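Order of writing sets the chain letters: A, B, C, D, E and F. Residues in each chain are counted from 1.
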Amino acid sequence: MTPGLAFDLLLAAALIWSALRALTTADLFRAVVLFIVFGLLMALAWARLSAPDIALAEAAIGAGLTGALLLDAVGHLRAKRKPEP
Amino acid sequence: MKPAPPLVWAVIWRTALFVLLWWVLSDGRLDSWTVGSGSVALATLLSLRLSPPTRGRVSFPGLLRFLTYFVFQSLRGGIQVAWFAMRPQTGLRPAMREIDLRLPEGIGRVLLINTLNLLPGTLSVELQGRQLCLHVLDEHVSAEAEVRMAETFLARTLRLELEPA
Amino acid sequence: MNGMTLGLALFLLLNLLVALVRVSRGPTPADRLLPALLFGTTGVAILLLLADAMHIPAFVDVALVFALLAAITGAAFARRAWREERETDEPA
Amino acid sequence: MSLPEIASFILLLAGAVFFFAGTLGLLRFPDVYTRLHALAKADNLGLGLIVLGLLFKAPGAAMSIKLALVWLLALAASATASFLIARRARQHSIAPWRSGEHE
Amino acid sequence: MLAAAGLALALGHAILQLPQAAVSLPTQVAGNMGQSGVEHPVTAVLLNFRGYDTLLEVAVLLLAFFGVMALSQTQSMCPAEPAHALLQALARLLAPLMVLVAGYLLWIGAYAPGGAFQAGAVLAAAGVMLRLAGLLPAWAQPGRLLRTGLVAGLLVFVVVALIALGQGVLLQYPSSAAGTLILLIETGLALSIGLTLSGLYLCSMETRA
Amino acid sequence: MNAALLYALAGVVLFAVGVAGLLALPHLLRKILAFNILGSGAFLVLVGLGQRDGVVDPVPQAMVLTGIVVAIAATALALALARHLYERTGRMQLPESRGAEPESRDD
């Protein structure tokens, strides 16, 4: 097996794993972190697919916007949580 | 001759810096300057707007000495952390230290905090007034000596006066 | 030579994925975030190695964008997300 | 393999070792402050060595400076981010781990 | 769960069975590159061959932004604690660099990977960074300048399209001027994508009581 | 096995995971994450299939580029709507799934 193929296999598995964990883990903050990681891994996947255009867009949006938006939403939910009735 | 006002110098320096950066980015292609001149102008304007020019000047011999010190120290810092991480017993003896800074307020302190985060065994945790709270990996090593050393180098680079401790 | 560079990239990817254990171990939200911050360094290194191995210099630009924006996640976390006083947040 | 190629490879390898150490530190160190040490120092040194190794292969001056710029940006980002997170951790009164406590 | 697994299996099977495409798109694109006005195929597709996709995309972005803005106005706002000097210093340093890099991505788009979308995303990140450092006020009510910037991309696009329409077909530029026109359109696009994306963040985060 | 096809297959799995999550998870933030995963999967399929014979195809790449920007805009709008709902009702679920067990312990 060439290192390139091994890289692709590992990356594909990591993508699927992080997506699954982001949806199934019980903790909302953990889910958001895993989703951010998923987005950044996607940028690597686009690089391996020789699509630097998409890798650039995914990197800029994944690192600059998605994380900020989702972390903000999580903070909002935590700050506003009302005590259970 | 009167010294030039800081604004003119700031404009010249920053434009030169952004021109150099654009040259680096565009790999020196001449046809890039249609977009390049606009981008450099925008970046310079934004930079002047965000950080207004000050009278401070950088000493180049000082900068060179600081960079040598910085590279050498960050090598040491990386090796130290790697050593802690790879030992069978980490042998960490962390502690918190409070130190009064001697650098005056401003860009000097900001650079100091960033530098300390990359130096061996120190992590800045809080800065209130001139009091710096520092997390150290090994309580037996004098954190104060490290801070003083970094302060001296930075003060020389930025031509700043150190305040008494 | 290419094979070796790709092999190093593979090793770094493995490193990155192993570090994801911290996401579930915690214990504080900050600990969980650390693996995401790793992309600022390890991800950049992987991209630089890929640029060299695949002969696509545009990946250096991707790495540049990664490094340029790496601070945003950390800052957004410290300023916006970590607000509560409770720090242990194991799922009930 | 020529001499620059060998030097480049050795530097890349050394960089990978520091990345490994950083990950190890992230997993083994006992609290958030010590883990931030590992992240900020070992990984940045690793990236620096990898950039240095790639400089041997860079086609021109512009590309070399671009690679160095990437490293500088990563340094600034991780130094600031680790300060902000450590500060927040202290504000949340997370006590630093002391030697002798259970790891 | 089972249904999802079944879906995955069926789609995977379909993909593996898919016949080779009758028309080869890469060859078509390569054949028409001469008249596109740019040297990078992805940019040529985005702005010349399938320009109306991009046009509609900007419209969608604006709609989403207006949606977020409408939602944010109904809620009370309170100022967050001021950012630490260190974060402010970093933002002051990085924001001009982000602008420069955005300009670079815009320029390189004509020759190599890059273009208005990536440039817009980096510009938006500069906005997010400045907001996080407390250096940018919130956008409760965008002023006239801001509104103009927001629709600039759409406007430039439409104007160029109308001029071209006078000479032929919608969004088919004369190939002699295609390069300049595309640069013009891309600049407008990058600005308006950058403003819209950062606006999506700037408006949505000011909703805490 | 070629790399483009491998990523296309990974995209199929991601698509299915996203669909399942979108339908099955009650929490709105999770639904938004699932929607994004679904989208990423579809993008991977598009680009991966487009170049499975090794030739890089610019057409799907351009389409995915627009897709990514539209996806982030949709995400921001969805987050704003979800927050709005949360302010009004104190819940992060759609009204019709109120009978399902609440995922209120979300941290």
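Note that in this section contacts are C-beta pairs under 8 Å (C-beta built on N, C-alpha and C of every residue); 3 or more make two chains touch, one makes a residue touch a chain.
What you see is a predicted model; the values in this text were computed from it and never measured.
*Asks:* Using the touch definition from the top, how many steps at minimum link chain C to chain E?
*Replies:* 1
*Asks:* What is the graph distance from chain A to chain D, where chains are linked when they touch?
*Replies:* The least step count works out to 2.
*Asks:* State which chains count as neighbours of chain B and simultaneously of chain D.
*Replies:* Touching chain B and chain D alike, sorted by label: E.
*Asks:* Select, from B-E and C-D, the pair of chains that is joined by more C-beta pairs in contact.
*Replies:* More C-beta contacts join the chains of C-D.
*Asks:* From the mean C-alpha coordinate of chain A to that of chain C, what's the distance rounded to whole Å?
*Replies:* Here chain A and chain C have centroids separated by 10 Å.
*Asks:* Would you mind pulling out the distance in Å between where the CA atoms of chain D average out and where those of chain F do?
*Replies:* 32
*Asks:* Give, as an integer number of Å, the spacing between the C-alpha centres of chain F and chain E.
*Replies:* Computed from C-alpha means, the inter-chain centre distance equals 19 Å.
*Asks:* Name the residues of chain A that each touch 2 or more other chains.
*Replies:* Where chain A meets two or more other chains at a single residue, that happens at 4, 26-27, 29, 32, 48, 50, 52-53, 55-57, 60-61, 63-65, 68-69, 72, 74, 76, 78-80.
*Asks:* Check each residue of chain D and list the ones that touch at least two other chains.
*Replies:* 22, 36, 44, 46, 63, 66, 69, 73, 76-78, 80, 82-84, 87, 89 - these are the residues of chain D that touch more than one other chain.
*Asks:* By residue number and range, which residues of chain C touch two or more other chains?
*Replies:* Each of 33, 35, 58, 61, 64-65, 68-73, 75-77, 79-80, 82, 89, 91 in chain C touches at least two other chains.
*Asks:* Chain A touches which residues of chain E in the complex?
*Replies:* Residue positions touching the partner: 42, 105, 113-115, 117-118, 121-122, 124-125, 128-129, 132, 197, 200-201, 204-205, 207-209.
*Asks:* Using the touch definition up top, name the residues of chain E that touch chain F in the complex.
*Replies:* 1, 3-5, 7-8, 11-12, 15-16, 18, 20, 24-26, 29, 41-42, 44-46, 50, 53-54, 57, 60-61, 64-65, 67-68, 71-72, 74-75, 115, 117, 120-121, 193, 196-197, 200-201, 203-204, 207, 209
*Asks:* Under the stated contact criterion, what part of chain D meets chain B in this complex?
*Replies:* Going by the criterion above, the answer is residues 17-18, 21-22, 24-25, 28-31, 33-34, 36-38, 40-42, 44-46, 48, 60, 62-63, 65-66, 69, 75-76, 78-80, 82-83, 86-87, 89-90, 96-99, 103.
*Asks:* List the residues on chain D that touch chain C in their complex, please.
*Replies:* Spelled out, the residues of chain D in touch with chain C are 1, 5, 9, 12-13, 15-16, 19-20, 22-23, 26-27, 32, 35-36, 39, 43-44, 46-47, 50-51, 54, 57, 63, 66-67, 69-71, 73-74, 76-78, 80-82, 84-85, 87-89, 92, 94.
*Asks:* List the residues on chain E that touch chain D in their complex, please.
*Replies:* So the residues of chain E in touch with chain D come to 84, 86-87, 90, 93-94, 97.
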